[in-house]
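As C-alpha cells, here come the structures.
Across the two complexes that follow, chain A remains constant while its partner is chain B and subsequently chain C.
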Partner chain A sequence: MYIASVVVTICSNIIAVIGLALLTGYTGMFSLGHAGFMCIGAYGAVLLNRYLMVPYVFALILGGFAAVIVSLIIGYPTLRNKLRGDYFAICMLGFGTVVRLILNNMNNPITNGALGITNIPKLTSLWSALLFMAVLVYFMWNFVNSQYGKNCVAIQQQEVAAEMMGVSIVRTKLLSLAISAFYCGVAGGLLGFWLQYIAPASFSDTRSNDFLATLVTGGTNSITGPLLAAIFLTTMLEYLRFLVNWRLVVYGLLYILIMRFRPEGIMGYKEFSLKKTIQFFKEFPQNKVKIKEKWTRFRAERKKKTNGRRENCE
Partner chain B sequence: MTIVIQQLITSVSVGGLYAVLAVGYALIYSVFDFTNFAFGGVMMVAAFSGYFVSNAGFGTVPSMIVAIATGIVVSIAVELLAYRPMRKKNAKRLFLMISAMGVNIFLTNLYLSLFGANLRTLPSGFASNTISIMNVQIGTVDIAAFLTSVAALLILSFFLYRTRPGITVRASAIDVSTAGLMGINVNRVSLIVFVISGITAAIAGMFFGMKYTVYPGMGSMSTKAFIASVIGGLGSLQGAVLGGFLLGILETLVAGYISATYRDLFSFGAMIIILMFMPNGLVGKGDQSKL
Partner chain C sequence: MNNSDNALKVDDLVIRFGGLCAIDNVSMHINKGEFVGLIGPNGAGKTTFFNSITGNIIPTEGTITYRGESLIKKSPDKISHMGISRTFQNIRIFPKMTVLENVCLPIHSKPTYNFFSAMLGLPSVKKEDKRIQEKALDYLHRLGIEEYKDHQAGALAYGLQRRLEIARALAADLSLLLLDEPAAGMNNDECNDLVELLKGIHRDFNLSIMLIEHHIDVVLKLCSRIYVLNLGKLLAEGSPQEIQSNPDVIRAYLGERRKRNE
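Showing the complex of A and B:
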C-alpha cells in the first residue's frame, strides 16, 4: 500500500513535469504557477464526479480541459503581441497564488473554502495511474517529435527566425501552454482521487517549485530526463522526510548551479535509451578505458587553458 | 471625507515604496534585459538584518544603514556569483530567469528554515505614532516612507541624468554591447546598477517591515513592484514611478472598500487588463524608450 502510494505520486508528478517540459523546455517559457492548473484540474474532476456523476476517466479529462480554458484566458493577453517571457512568468506566478486565494476564501458547501473537499471516492488505482502516465507520456513523445513539437523548439531557439519560416508564434505558444495545462490538470485529478482529499493548500507554490526543480534537474530538452528525475526526486523525498523543509533551499541552489554549469540539465538534449545503457554495461571494461581517456584529455585541456590564462596575465 | 483622505495618504505612501522597488526592477531590466526575480529575496534579507540590529537596541537610523549595507552586499553577491558568469557564457534569458528565481527561492527558504515563519515586528521609532491634521490621522511611518521614497527617487534621477556614472548606465540601457565598444566599462555599470537595486530593495524592505511585519515570505511584495513596472511600462523609470503610485492607490482603495483578501486578485487583474489594451504599459513606447 505504501509503495502503491509512492508510485501513484510519482505518476502524477511525471505527468505534470512532462507537461511543464513542453512549455518550459521545448517552447522556452518560464512558469512558476502550474500548481494552479493542477488545482483547477483536481477541483474540476472531483466536483464533476460528485455532482454530475461523470465517470472517473471522463472527469479527469474534463478537469484537464477546465485547466485548458483557464490557461487560454491567462495566456492570450500575456503571450500575444510578442510580449517578453517576463510578463508571462509573473502572470503565472500570480495565477498560482490567485487560484489558491479564491478557493481559500470561497466559503460555500461545494468547495468548502480552505478546508477543502473530503470524502472523495478512491477511484485512482495503481494501475489506472500507471496507464494514464504511460498514455500521456506516449502522446507527449509523439507531439514533441511531430511538426508541432519542432515548431516549439524553433521558437525556443530563435523566435524571429521561426516566425520568418512561417511558424505562428502566438498560436504555437498558446498550444503548448494549453497542453501543459491539460497535463497538469489531469495530474491534479489523479492525485485528488487517490488521496481522497483536496484543499487549496495542497497546491501551493512549493509544488510548482518541485516541478520546475525536477524539470531543470532532468534536462529541459528531453522527455526521459525529467521522467527519470521525477522518479528519482520523488523517491528521494520519501527517504529524506527529515529534510523536507530544507529541500527548497537545496532546490534554489540546484537551479543556480545547474543553470551556471550545465543549463541543459543532466540529460541535456539526449534521450535516455535502455538499449544504449545495457550496451554500455555489457562493454563496461572497454568503456572504462574510454572514460579514463576522456578524463585525462579533459584534464590536460583544462591545464592548458589555465596555463594559457596565466601567460596572458603575465 | 476624512476616511477618504486617510486612505489616499496611505495609498500614496505604499505607492512610493512600490515605486522605489519598481525602479530597482526597471534599472536592471533596462540594462540587462532580464527580470531580476531575486529582488524579493534581497529585500527580505535586508529587512531581516535591519530587524536584528534594531532588536539589539539600536535606533531606526543605524538599522536602516545596516539594512542598506546588507542589501548592497547581497545584491552584488548575487550578480557576481549567479548572473555574471552566465552572461559571460551568453546564456539564454530563460536560463537567467530560472537562476534568478533560484536565488529567490534559496534566500526565502534559507531564512524560513533558519528563523522560522514567525511574523516579527520591527521596533521602529515611529511605528504607532500618528499626527493629526484637521481630524485626519496620519501615521508617521507613512510620512517617513513617502518622504524617503521621494528623496530616493530624486537622488536616483539626479545620479542618472547629471553624473558621469549615471550617463554610462543610461548608455548601457540603450545598448550594452555598443556601450562596451564605446569604452564604457560594462562590468562597472553592472555593479552600479546592482548597488542601486540593493539600496532600493533595502529601503522598501525596511519600510514594509515597519508598516507591516518582517517575515521570510515578504519578498512576494516585490512581485507587486514588478506589476507596477509593467503597468508603467517595463524598463522605463518614469513608468515605474507612475505605475508604483497607481498600484498603491488601487490596492489601498480595494483593500479599504471591497475586500482585503482580494487585493492581490485586483492587482494581477489590473496587470492583465493593461497588457490586453496597452502591451507597452502606460508610458512605455516599446524597446526604444528606456530610462
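Showing the complex of A and C:
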C-alpha cells in the first residue's frame, strides 16, 4: 500500500511536470503558479463527481478542462500584452496564490474553506494512475514532435524570428499554456481521488516551485528528462523521510549542484533512449577512455580559465 | 507606371522614437520582380524601415501597402503569410534546432493539421511532416547546404548560417524578400558567391527583392534601382550609374557634418 501511494504520487507529479515542460521547457515561459491549475483541476473533478455524479474518468478530464478555461482567462490578457519572462512568471505566481486564498476564504458547505473537502471516494487505483500517466505522456510526446511543438521551440529560441516566419505568438503560447493547465488539472484530480482529501493548503506555492525545480533538474526541451527527474526526486524525498526537515536541505543542495555543473539539466535538449544506454554499457571499456579524455580536457580548460583570471587581476 | 505593378508601396512614412525622427517622410516603391537596393550610412534608418514593413514597428504616420493591402498595424505573422519574408542583420536562426527543422518551420508556421491529430500521432500527421521535410530539403539543396541538414544550426560556420537564413526566408512561400546585410562580414570571394546565388534566386523564384548592404559593389552588381537613405531622409533614388555620380550621395558617404532634424 505504501509503495502504491508512492507510485501514484509519482504519476501525478509526472503528469504535472510534463505539462509544465511544454510551457517552460519547450515554449520558454516560466510559471510559478501551476499548483493553482492543479488545485482547480482537483476541486473541479471532486465536486463534479460528488454533486453531478460524473464518473471518475470524465470527472478528471472535465477537471482538466476547468483548468484550461481558467488558463485562457488568465492567459489571454497577459500574453496579448506581450508579458514575458519574469513578468509572466510573477503573474502566474500571483494567480496561484489567488486561487489558494479564494478557496481558503470561501466558507460554504461545498468547498468548505480552509478545511477542504474530506471523504472523497477512493477512485484512483494504482493502475488507473499508471494508465493516465502513460497515455498523457504519449500524447505530449506526439505533440512536441509535431508541427505545433516545433513552433513552440521556435518561440523559445528566437521569438522575433519565429513571429517573422509566420508563427502566431499569442495563439501558440496560449495553446501551450492551456495544454499545460490541462495536464496539471488532471494531475490534481488524480491526487485528490487517491488521498481522499483536498484542501487549499496542499496546493501551495511550494508545490509550483517543486514542479519547476523538477523540470529544470530533468532538463528543458526534453520529455524523458523531467519524467526521470520526477521519478527520482519523488522517490528520494520518500527515502529521506528519516531526516525530517533536513531532507529539504538535501533537495536544495542537489539543485545547487545541478545548476553549477549541468545547468541544462540531466537530459537537456536530449531524450533518453534505452538502446543508446544499453550500447553505452556494452562498449563500456572504450567509453571509459572517452570519458577520461573529456574529463582531462575539462580540467585543463578550467585551469586555463583560472590562470587567465589571475593574470587579468595582476 | 501602372499602379498594379507595385508590389510594395510606401508613402510618406514617418517613424518617431520619442523626440528622435528615425524615418522622415520617406516614400518608395518596389515593382513586381524588381531587385532594389537600399543603402546609406550607419544609423540612416534602413533596418528601421525594414522593421516597419514587417510589422515590428508601427509607423507614426504614413501608409505601407503590399499588393493593394495595407500592412499598418498588422502583426508580423500575418504579414509573413502575405508573402513578405526577411533575413536579419544579426543572424536570427533557431540555434538549438537542426538545419532542416529551421527550414521546415516557416512552412508549417500555420500547422497543416489540427492539434488533436497531432496529439494522437496519426499516420497522416507523419506523412504530412515527411512531405514538409522533403520540401525543405529542396530549399537546402538550392542553397547548397543540404549536407548539413542534421547539424545543429547554432554550430554552423557564419557563412553557412547566413545561407541558412536565406533558405529559411525562401521557405516561407514568399513573393517579396527583404535582405538585411547578407554580405556582412564576408570577404570578396564570398561576396561574389553570394551575388551569384542571389541572382539565381531572384530569377528562379520570381521574387521582388530589397537589399540593404554596405558592400557597394554587391549592390551595384545586383540592383536595378537604388534608394539612398541618410539620417532618416531619402537622399537619392536612381539607377546604379546615377547613384554613383550623385554628389549628395558622395558627400553623405564621405562624411559631412551630421545634423539631425534641422
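What we mean here is this: the second predicted complex is superposed on the first by the 272 of 314 C-alpha atoms of A that agree within 3 Å, B and C clash if a C-alpha of one lies under 4 Å from a C-alpha of the other, contacts with A are read in each partner's own complex, and residues count from 1 in each chain.
Throughout what follows, a residue touches a chain if its C-beta (ideal position, glycine included) is under 8 Å from a C-beta of that chain, and two chains touch if they have at least 3 such contacts.
Not measured: the values here are computed from a predicted model.
S.K.: Applying the touch criterion given at the start, work out whether A:Met259 contacts chain B, chain C, both or neither, answering first, second, both or neither.
M.R.: first
S.K.: On the A-aligned overlay, A:Gly63 touches which partner chain: chain B = first, chain C = second, or both, or neither?
M.R.: After superposition on chain A, A:Gly63 lies in contact with neither partner.
S.K.: If you stack the two complexes on chain A, which partner ends up touching A:Asp86: first (chain B), second (chain C), both, or neither?
M.R.: In the superposition, A:Asp86 contacts chain B only.
S.K.: Tell me the contact category for A:Gly36 with respect to chain B and chain C: first, second, both or neither.
M.R.: neither
S.K.: Now for A:Gly188: first (chain B), second (chain C), both, or neither, which partner does it touch?
M.R.: neither
S.K.: Compare chain B and chain C by how many residues of chain A each one touches, and report the one with more.
M.R.: Of the two chains, more chain A residues are contacted by B.
S.K.: If I apply the document's touch criterion, which positions on chain A are contacted by chain B in one structure and by chain C in the other?
M.R.: none
S.K.: Tell me, which parts of chain B touch chain A in their complex?
M.R.: Result: residues 29, 34-35, 37, 81-82, 85-86, 91-99, 101-110, 112-113, 220, 223, 226-227, 230, 234, 261-262, 264-265, 267-268, 271-273, 275-276, 279 of chain B touch chain A.
S.K.: Can you check the complex and tell me which residues of chain C touch chain A?
M.R.: For chain C paired with chain A, touching residues are 54, 56, 75-77, 80-81, 85-86, 88, 92-97, 101, 104-106, 108-113, 115, 118-121, 125, 128-129, 132, 168, 172.
S.K.: Give the list of chain A residues in touch with chain C in this complex.
M.R.: Residues 138-143, 146-151, 153-154, 157-158, 160-169, 175, 221, 269.
S.K.: Provide the residue numbers of chain A that touch chain B in the complex, in ascending order.
M.R.: 24, 28-30, 32, 74, 77-78, 80-81, 83-87, 89-91, 93-95, 97-98, 101-102, 105, 156, 209, 212, 216, 245-246, 248-249, 251-256, 259-260, 263
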